[in-house]
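In this document, chain identifiers A, B, C and D correspond to the written order of the chains, with residue numbering beginning at 1 in each.
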Amino acid sequence: MTEKCGVVGVSLAGRDAARPLYYALYALQHRGQESAGIVTHDGFQQHSHVDMGLVGEVFDESDLDVLNGSAGIGHVRYPTAGSVDSSCAQPFSVSFKSGSLGLSHNGNLVNADEIRDDLAAVGHAFTSDGDTEVIAHDLARNLLKEDLVRAVKHTMERIHGSYALTISHDETVLGVRDPLGNRPLCIGKLEDGYILASESAAIDTLDGELVRDVKPGELIVLHEDGGGFDSYQLIERDNTAHCFFEHVYFARPDSVIDETLVYEARRNLGRKLWEESGVETDVVMPVPDSGRAFASGYADAASETTADGEIRPDDEDGVEFAEGLMKNRYVGRTFIMPTQDERERAVRLKLNPIKSTIEGRTVTVIDDSIVRGTTSTQLVQLLKDCGAEEVHVRIGAPAIVAPCYMGIDMATREELIASDRTTDEIRDEIQADSLAYLSTDAVAEVLGKERIDLCLGCVTGEYPYEIEGETTDRDVTRPEIDETPLHADD
Amino acid sequence: MTEKCGVVGVSLAGRDAARPLYYALYALQHRGQESAGIVTHDGFQQHSHVDMGLVGEVFDESDLDVLNGSAGIGHVRYPTAGSVDSSCAQPFSVSFKSGSLGLSHNGNLVNADEIRDDLAAVGHAFTSDGDTEVIAHDLARNLLKEDLVRAVKHTMERIHGSYALTISHDETVLGVRDPLGNRPLCIGKLEDGYILASESAAIDTLDGELVRDVKPGELIVLHEDGGGFDSYQLIERDNTAHCFFEHVYFARPDSVIDETLVYEARRNLGRKLWEESGVETDVVMPVPDSGRAFASGYADAASETTADGEIRPDDEDGVEFAEGLMKNRYVGRTFIMPTQDERERAVRLKLNPIKSTIEGRTVTVIDDSIVRGTTSTQLVQLLKDCGAEEVHVRIGAPAIVAPCYMGIDMATREELIASDRTTDEIRDEIQADSLAYLSTDAVAEVLGKERIDLCLGCVTGEYPYEIEGETTDRDVTRPEIDETPLHADD
Amino acid sequence: MTEKCGVVGVSLAGRDAARPLYYALYALQHRGQESAGIVTHDGFQQHSHVDMGLVGEVFDESDLDVLNGSAGIGHVRYPTAGSVDSSCAQPFSVSFKSGSLGLSHNGNLVNADEIRDDLAAVGHAFTSDGDTEVIAHDLARNLLKEDLVRAVKHTMERIHGSYALTISHDETVLGVRDPLGNRPLCIGKLEDGYILASESAAIDTLDGELVRDVKPGELIVLHEDGGGFDSYQLIERDNTAHCFFEHVYFARPDSVIDETLVYEARRNLGRKLWEESGVETDVVMPVPDSGRAFASGYADAASETTADGEIRPDDEDGVEFAEGLMKNRYVGRTFIMPTQDERERAVRLKLNPIKSTIEGRTVTVIDDSIVRGTTSTQLVQLLKDCGAEEVHVRIGAPAIVAPCYMGIDMATREELIASDRTTDEIRDEIQADSLAYLSTDAVAEVLGKERIDLCLGCVTGEYPYEIEGETTDRDVTRPEIDETPLHADD
Amino acid sequence: MTEKCGVVGVSLAGRDAARPLYYALYALQHRGQESAGIVTHDGFQQHSHVDMGLVGEVFDESDLDVLNGSAGIGHVRYPTAGSVDSSCAQPFSVSFKSGSLGLSHNGNLVNADEIRDDLAAVGHAFTSDGDTEVIAHDLARNLLKEDLVRAVKHTMERIHGSYALTISHDETVLGVRDPLGNRPLCIGKLEDGYILASESAAIDTLDGELVRDVKPGELIVLHEDGGGFDSYQLIERDNTAHCFFEHVYFARPDSVIDETLVYEARRNLGRKLWEESGVETDVVMPVPDSGRAFASGYADAASETTADGEIRPDDEDGVEFAEGLMKNRYVGRTFIMPTQDERERAVRLKLNPIKSTIEGRTVTVIDDSIVRGTTSTQLVQLLKDCGAEEVHVRIGAPAIVAPCYMGIDMATREELIASDRTTDEIRDEIQADSLAYLSTDAVAEVLGKERIDLCLGCVTGEYPYEIEGETTDRDVTRPEIDETPLHADD
């Protein structure tokens, strides 16, 4: 089960955590629109409000009013295809021997079924199919016999895959990031406490300050008095496997992830795109809003050098940057799709071309990705209908050739247009005059990482985790762990 | 946590169980209006739909369509004061090592916390406060090491209190009734399968035939092919503790519970009431709908004998039976209650007296119980305002002097008008001209049981189960059980 | 357009009218469940809240809070087949030259289209298809040139058909009943004001006192200070045409309509039914709740005389009265109907027979009417399946052979089982052992009216109003009226 | 009553108009989110569906399915302060003598009360307070005595103020624009019919082609067969009074209004802004999304000339354009606003600054307007907190000093920060380092109109219509009209 989600955790000096959590979830809403939830802890009392829907739909004032306590966690969940199931909404909360536990999870375990079976073998019963419940049960079990830090360490040794977790154990709020740092998680300082969040934009929203990213394999324990946090580097690996797609597509442009501002990364990817495959056209335009930062960087680079890589002469203008496609922001969940026999193209309801920018001109359209190819095909057609003489498509990332197993719901391999087509074949399919993707090396360079420190699974087909039927890009042998038998009394 | 609920389980030859379960829950709707749910099993696939609200609100056609499988259970839950919490809605469903499990529970355990602690000590984590989850975990744990029947037996030995359970374990549907038979549960034969239900009216609704009551301490296992059922008498006790209040108040009049037709029982209790405390008045009228059957029996008896117990002479009519109070059936959940400064009495919005039946006459009003006394006070006043010369109140059951801990949510002891008042004091409080309750002996006689075979806790203050701070009416020493230590491997 | 509705109007000394109107509508909810509305007047300000749904769904506290003013009217509307249209919800409110106007209407005009055309001819535009808007426009037009009483009189002269109206004109509340008194309307005295309502039960609910019925052709004007009312007998006719079906079926049993208590009328109709067509069976049972009062009267009469009309000997018991059919009160609007291929009969979900009352016995079932015959057929079958040896059906009203055009939505002529069948044919159709209806003469006698003073259209096919394609039972020539031309300035 | 709305009308060859109207309303959703509605005509049958909410909330498939007919109109309504009243939702539909009428109105009449009184004097009754009903009644009245074109002409002579109307009269769809052309309205050709819409983006959405704007004072009658349209120039004036604010703020950037592409106009206003009041800063950033086009033009101009108006030397870069503020698109209607005692500034929940773009730099922020000033004050503070060395604010339009009476709901005069402050005072109030607005002359120049052909009321306080208590910018004497007395028969 792949999930694309946002997590948050807050510990404050005295004030209730519910409203800051609410605003933080609002800031992370782009990471998940299916369900939203908050769990707070007030002494040994645990309060929970989780429901299907947007943050603004799930909570009203009275809901927040009863979520007492200065410590808590929150979650927004992405609508994954198929199982729209309220039992998977998070945070997941349980009570057990030594107290109560809340868990918010972004990511995907590769051995959840194994652990579930192990736990079931000693009598555990599960109310959902989710990874999160598995983690919760394992952690609860460990907490019977050891302290919090050791318990988290043992759970981290057992679970494999991508995870950024915020955990509430009674009034203690924790943050954990998987040893490869696949999913983002960062720490922020608020005026009267600390916050853990998937993205720094959530910290900004609360007028807080980004302290730093949580490190791969690190456990952060927020102090209950909001006065600080402790760090435990529980697992260390030689390399990381940061998801490069967070920067390309998923994260907010105003977030800083692994020390890189997403907006700046996108502009630089756009600059690289010009350098690698720039084409001189009358105008360059973004697909709004996803392509805007790429297009801006692309156009900037184009004003400096020509498509051939020469310094552009002073008397040349370079490529004009213009907003040639207008987005209808109201096309939403309840939209009635056009029927087959209606002539209007669906894409035009969402994106309307500005004819005067396009007619009789050569056009470059910039976007962040092509997934199934349907929208691109319609878009190229639309621009040609508006009188574009040529339509060139440039993508600010490598072609997606394989699925993501780590927490971003893209599509199945069969649905991916690039899984079995060359770039030329895709160009023909979408009927563009030219098409180019960015190279993976350019991605690594812009993000300032070695290739091996990124998860490039979806663009190379080689994964940093062990996935059945797929190849890996590194040694994924699980470390031997001194696994004590699963008895409570030892 | 006290719960007043309805449970059902169905196993059919081929047909999906969802719709029969739906109609059965409709027939049991009077047992709980807070939430409703159905769990079905289709091979190893478990389908669940549970939500807050009435049966008709919780399910629509499309919900039933996806509840595939010829085996399943259902539940309706009573709105208990306070915790309106969707996490307590049932059936409770879990998956565990040897399959999936669904549970519907009517009743109340007295040692749920103990068992919860035991299970937590070996690592179990709980998502709700409910008894039902505790039973599910215990049963799941037992199923790791033994077969279904033994597992149920061991769970029955561990849990104490009242319970009628329907359980689905993959495609097997079970029914269990606690050793004292406190809550009702019966077996019915459908054309193409078998059904377990809290009340026989649910069987009738499906055109089925009542086979018999599930016996106290008995486990019923429905055959997966709908062709029959097996019985296991897992626990035996010398005496039962059937809830007499099911007959008086809670059950549908058209249900047969423990071999007695509820309607007939109420008529006979009404007859007894005349014999014990009949008063000659111009008219006898029921409080609709609860008092109707009692009043009918009372009036019938009155036509045969006089209040003094003599055969009524042929030229005397006895007491006239009339519907003198009309009920407004639309006063429901969303009703805006009158404010203090409004003169209208709340009771009149629900019950309107027919003046011509009342004016200038002596009146006997029959009901099944007086709980807090507020309604009775208003009612007597209302009748006097309508010109009743005398108002006599007769109650078809003994006075409720203590709370129910077994699954019927009445009120706290402080709220019960009879907990610290004599009948004369209550009569004065409600300003009736006379007041009489039925004796407990009469109840036992009408139900054809020994007193010791009934649970009379709420009318005697002596309970058949061990309840902290209360006295018991029998030996409630828990049997020694050969409790194997809670390890999975033994 | 036929409508079955409830109307109310209230004028109080100082207090806001909204809450009394709300409770009155609750008391009239049985007259219409499709929509509900209240209009109040506060000086020249008119407040309106009208919506689809039950009273309890349409209004919450905050809705009532803004309905300021001590004068107002209310309406509940019956769900008529087909046009579920919010534009027909009432009260209808308009503002015009001399102020604002609110109208609640129960009934049906026969010349609405004519008047609509007349008004349209001078420029009136209409927002709905309803009769009510036509009345409002006509009245508004008259008010331009004459005082309130004269204006109402002229409107009454123009409109033909059945109508009980409550009208608010600024802070003045009026009540009008059509010259034949077809629909009911009565006046009540509240502690601090006066009320007009379709039924006296609404007055009772507010602890008020029924003053009297509004007379056919009478206008009642409530004093704005709540201190009294004026009466204007604007139109007089030789005969009335009271709807007898209000007593048989539609009205609450606790209402007094045209000086007859509905409950008492039904009991007496039941007595007559025994006298006319009594059959000696082991048991007589009502179809709940509609047949209860009839059955009670029928059984009473049967205890006095034999089916042959002889005084019953002292040693004979007569017919036993018993509740042999139990109603499931939860089968409501959202109920999912059984599919064709499900065996369960729909009727059994609503009505469950008590076997012990029926098995091996001869049974008489009493109801108020047979409309389409489907339910009766199923019911007879159900009773026979339960072991009834004979099933005799007795109906407390004449057979419905023709549609109602006056405000009660029954069915089309084709759907009425009795429109083209003799009683014997119907008996065969529903497979009863015998069937009898009450005679129209018995109805007239019980209601204490001449036949000509009742509307018997639906049971005779002869109507008191002029209806295209139907015959009439009296002279329906419209009186010549000195109709001044429709100019504002004359 | 001021209203900011979108209107549309469609006439097709054969196909139902409902879905095209639905998509057109989606394209106009930015013009009104309070209510939405469609009225269609199918022969003499009129179908209407109007409700509160967004287009996507108001309509589902089944609603569209019953809106039969190849002709129809639609409306979206802007949420105006206060009266959220479903009775004002449009289209307004009525039936009258010669057929049915539907009206969608964008604008505001200045003499609605007068006409209402006149109509009331001859007996008209009104169900709402709206201008639209007044126009409908007047038009309906005229249609009694004259043909459609004459009727519209007479109504246009009577009503004064701003209006763009789409009207359906049975199967004929009309469009009317007021004689000064204040509100926009244009004609489009679809494959199988014609469309009238507030903005051309609605035409694009249906793959249609913009034909031209409806001229001020012109009536367009679409042919019922979808094959063309007729034009009637019913009223002519020397000057127009186009609302310049449509271009600045209200319309979609991809719409062409009065022959100017809104996006292009905004870019050019931005260019002018640089020319008039450019300031050299490190970076220029838009307030998204409203300031984006202005900022883009401003930055473009800055790359060509310096702030002093000199040609910029080749070795100078000019002002960097960057997206330094990120918008949270999820902050919507159900958002819980921060409490006073929460530190977070509300603006930051909607707009998050990108620190790296701002810190240590001088910043120019571009927006389209300052209304109350609150947001601007918070924004300047936010940028300074992020380390901006200087914050300069540039507004792409003149200062709003007076309310709009013509159909755009801004604020009351008291709320407008510029109504009683000089630009310097506003600068101090919002604590910017500098502040400049665009001149009205620049607006006129960019839009290619004489000042007298624009409505500049909100920026000059002089209006093109007669408004009580305000001055006018032209002769607003109402022309003498040969007003025939309001009798139907003349």
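By our rule, contacts are C-beta pairs under 8 Å (C-beta built on N, C-alpha and C of every residue); 3 or more make two chains touch, one makes a residue touch a chain.
Predicted model, so just to flag it, every value in this text is computed and none were measured.
> So which chains count as neighbours of both chain B and chain D?
Both-contact set = A, C.
> Please flag the chain sitting at the greatest distance from chain D, going by CA centroids.
Farthest by centroid: B.
> Centre to centre, by mean C-alpha position, how many angstrom separate chain B and chain C?
38
> Report the inter-chain centroid distance for chain A and chain B in whole angstrom, where each centroid is the mean of the CA atoms.
Inter-chain centre distance comes to 51 Å.
> Out of chain D, which residues touch more than one other chain, so two or more?
Counting only residues that touch two or more other chains, chain D contributes none.
> Taking all chains into account, which pairs touch?
Touch list across chains, by label: A-B, A-D, B-C, C-D.
> Which residues of chain A touch chain B in the complex?
Against chain B, chain A makes touches at 48, 87, 92-97, 101, 117, 120-127, 129, 136-137, 140-141, 144, 486-488.
> Tell me, which parts of chain D touch chain A in their complex?
19-20, 22-23, 26-27, 29-30, 54-57, 59-61, 64, 191, 201, 204-207, 252-254, 261, 263-264, 292-293, 296, 314, 321-323, 326, 328-336, 338-339, 342-345, 348-349, 352-354, 356-357
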